[in-house]
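Two complexes follow with subunit A in common, the first pairing it with subunit B and the second with subunit C.
Now for the complex of A and B:
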């Protein structure tokens, strides 16, 4: 295990080391200590490296991640795993706003709660939140899956496109063009797979599915009050 | 001689023909007008300024022999690999989707030949674009359509788009008729639906966040690439200062005359301020922070000729960017295929129908038949010729004012023809030393 203390090493040096690291397998993983809320920790990684961060991180941890497996044993600031392409990012604590924003792929697991706009503009990423999410989560979500095991805040899925949202608790309100849809056996199976990959066990019967009513896909004067 | 109607018919100034037609259209359709191109209303602009030229107190340079350099460097503040351009005219961001692939390739080829940069747009980077354009600026937009860290790393500069002159405060629209399978695939959206680009970034709000966002982008790209921040002209004094505070290497300021592929007409015509006052305010903001020339300023919105470029540089810009004018060089509004203009309800010279995807000259279309009307080699030749002509015009003016480099042009070389332009540009009214608001 390679250990890097951010009390002794800059984020820039850390990220350069992580980007230059050989792929996991025979190579040892990385342990990062003393993050103390630093921004852009482990951002832009491109290889199959395993990174464990002990402590809280600031904005954009694991931003644009490709292939790496990153675990934060703490809370994280705005935009964790933003525009993530692949790999897995796990947050043991809570995540601030815009978690997984515009993510294209891979899986983001937030074991605690997520703030507002979780999964905003998501484009293929799978996000599993163990707790609840703040308002406007899934805003303009294009594709991928957002699983919220707890309650969802106001305006869930506002202006959603083809992403799928599963909620285990209650949704305070739904945003424009977001509707509840039937939980088919196919969707139960997908939900089970998402939870399994996230390492979470939940009662599937509690979950409801939400998605786009597709009424705003083309402008229609009779829907003007929704725009 | 004007013909006087014997019946004394008199048009209304408040309700001229185009206003009557718009009310009739709105009553019929119940929706605002969406269109392309830029503002059509008269605005104070660079035409309201003139250069003074050399005289007893200024020596001119020989027009055809003495050197007048045009090279500029962008991104010298923090980036380890600034952009070196041979000319101070760049091509503005225009998306693949709004433009066809042939138009993007033509622009890239022309830029490479001229030693300048082109810019991606909403929807991401195409392979044709990267291959054809030697210096390519990659836009990070609110929608993040096609956003990809691999493309970010193979770009030469990064442009964070906060706003656009045609619609500061608004996101774009790409109507369903232009969303082909390829465009939809790049944007992760279903084919054929209306795509509304977000107006706010998904993961930052405000200048404090932007500073951290810029730090992240620099981390991901090894602190090599210049980071531009593009703003629409609304409150340049504050926006420029905040962009500087956030860590921008370059500020791109897009005035109200800037174009768009598709936006509400009311937005184009009624939101934002013209390029002339915005440029002055931006330069003053940079000077107040003592970073003028350290943070480079690229201005766009209504640049059409070498004279416009010269005036922008003289007011303090480091370079300009053109979008609509580049499209015109590629054939936009040219009087060919007239029947196709008429089929979409317009005429050459009046067309703003980029939003329809039925561009008669093949620039703003995804239709294979229409797009084939613009061959990349031919388009590149036209744009290269146009840029060359602009540079010759720019050098002509610079030499006439005794400048051996176009960036040596200065406000003192100019006079304003109207009180409005004098006030907005901060240039004395011709024949006086008077700048309204300054005594």
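Now for the complex of A and C:
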């Protein structure tokens, strides 16, 4: 295990070391201590490295991640795993706004709660939130899955495209063009797979599925009043 | 951007170290606001003075001691003065409005920065670290403090436009964000007798809360009323002589983190400013919900 303290090493030096690290399997993992809310910790990684961060991080932790498995044993600020391409990012605490924003792939697991705009403009990432999410989560979400085990805040899935949202609690309100859809056996199976990969056990019967009514993003003269 | 911080001590035993803890919080937000910074520190009335006034003069060599002597003669009472940078903190055993009226007659360039029974206010151009050092923040004792690091987007970079804004005796406000209906609201408040010193949006919000307090609202009620009357983006931290409150707008794009232990409550734009507080590892840490007023009141007296 390589240990790096951010009290002694700058974030830039840490990220350079992580980017140059050999792929896990043959190489030991990395432990980062004393993050103290620093921004961009473990951002821009491209290799199959394992990184454990002990403490709370600031903005854009694990941003643009490819392949790496990053765990934060704490809370994180705005935009964790934003624009992630692949790999897995796990937050043991809570995440602030815009978690997983614009993510193309991989999995983001937030064991606590997520703030507003979780999964905004997601493009293929899978996000599993153990607790609740803030308002406007799944805003303009294009593809991928957003699983919210607790309650969802106001305007869930506003202007959503083809992403799928599962909510285990209740949604305070749905955004424009977001509707409840039937929970088919296929969707139950997909939800079970997402929860299993996130390491969470939940009662599938509590979950409801939401998605796009597809009235907003295809122009149709009958819906002109909605635009 | 801008950074805001607030520290409210629940345990009176920590009051001697308020400034040293608060200095780490303010400098932690230096990157969010490099233009100017300001602090409002609520301090014990150790000397029994009924009035504390913080003044600014553009001339660093301004003869504050002479002003204090003149004021002492006029009021026929002892006047204590502490000079820090371009600021002077005057303490007198007199009515706040009488003292401030006397002072503004002395020199037209004297600007009233803070006034009340317990508040001391220092705000200046420059980095948060420099300003904390220039005004000796780490040595200040007190019950609670509110601070701001400013990245100006809305009006000029001057000491007058720096936060906190003091809108009434011991009433202060810091703000991260921007308001959109403040011109109309300024007129509404002006018609109700509130006076303004700058064109700044945050000053309007500060005067608005002061107006609600004058009308009989408590701090929580005043801020809740603001949810109806203030339009724009905001994370606010507000202080009164005995109270501290935090409020975010419904959209909540401006960040805020709260942390609480049995000894203190701390608020900052980012966790970076809380990381060095004593006992933070065991603190309850959370992000304030949109449109919810979080408020605390001193239980042990100021």
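Basically, the second predicted complex is superposed on the first by the 218 of 227 C-alpha atoms of A that agree within 3 Å, B and C clash if a C-alpha of one lies under 4 Å from a C-alpha of the other, contacts with A are read in each partner's own complex, and residues count from 1 in each chain.
One rule holds for everything that comes next: a residue touches a chain if its C-beta (ideal position, glycine included) is under 8 Å from a C-beta of that chain, and two chains touch if they have at least 3 such contacts.
Model, not experiment: these values are computed from the prediction.
Applying the stated contact rule after C-alpha superposition, one finds that A:143 touches subunit B and leaves subunit C untouched.
Legend: residue contacts after superposition of the two complexes on their common chain; A:78 is shown touching both subunit B and subunit C.
Using the contact criterion defined above for the overlaid structures, shared-chain residue A:96 touches subunit C, although it does not reach subunit B. Contacts of A:58 after superposition: both subunit B and subunit C are touched.
Judged by the touch definition given at the top, the superposed model places A:17 against neither subunit B nor subunit C. Contacts of A:123 after superposition: subunit B is touched, whereas subunit C is not reached. In the superposition on chain A, A:9 makes contact with neither subunit B nor subunit C.
Within the superposed three-chain arrangement, the count of touched residues of subunit A is higher for B, of the candidates subunit B and subunit C.
When the shared chain is aligned, no partner comes close enough to touch A:86: not subunit B, not subunit C.
In the superposed model, A:37 lies in contact with subunit C only, and not with subunit B.
Looking at subunit A, you'll find residues 58-59, 78 touch subunit B in one structure and subunit C in the other. Of all residues in subunit A, only 11-12, 15-16, 39-40, 43-44, 46, 58-60, 63-64, 66, 78-79, 82-83, 85, 98, 101-102, 104, 117, 120-121, 123-124, 139-140, 142-143, 159, 161-162, 217-219, 221, 224 touch subunit B in the complex they form. Of all residues in subunit A, those touching subunit C in their complex are 36-38, 56, 58-59, 75, 77-78, 94, 96-97, 115-116, 134-135. Touching subunit A in their complex are the following residues of subunit B: 29-31, 143-144, 147-149, 152, 176, 187-190, 193-194, 196, 198, 202-204, 209, 212-213, 215-216, 219-223. Residues of subunit C touching subunit A in their complex: 250-253, 255, 270-276, 285-287, 290.
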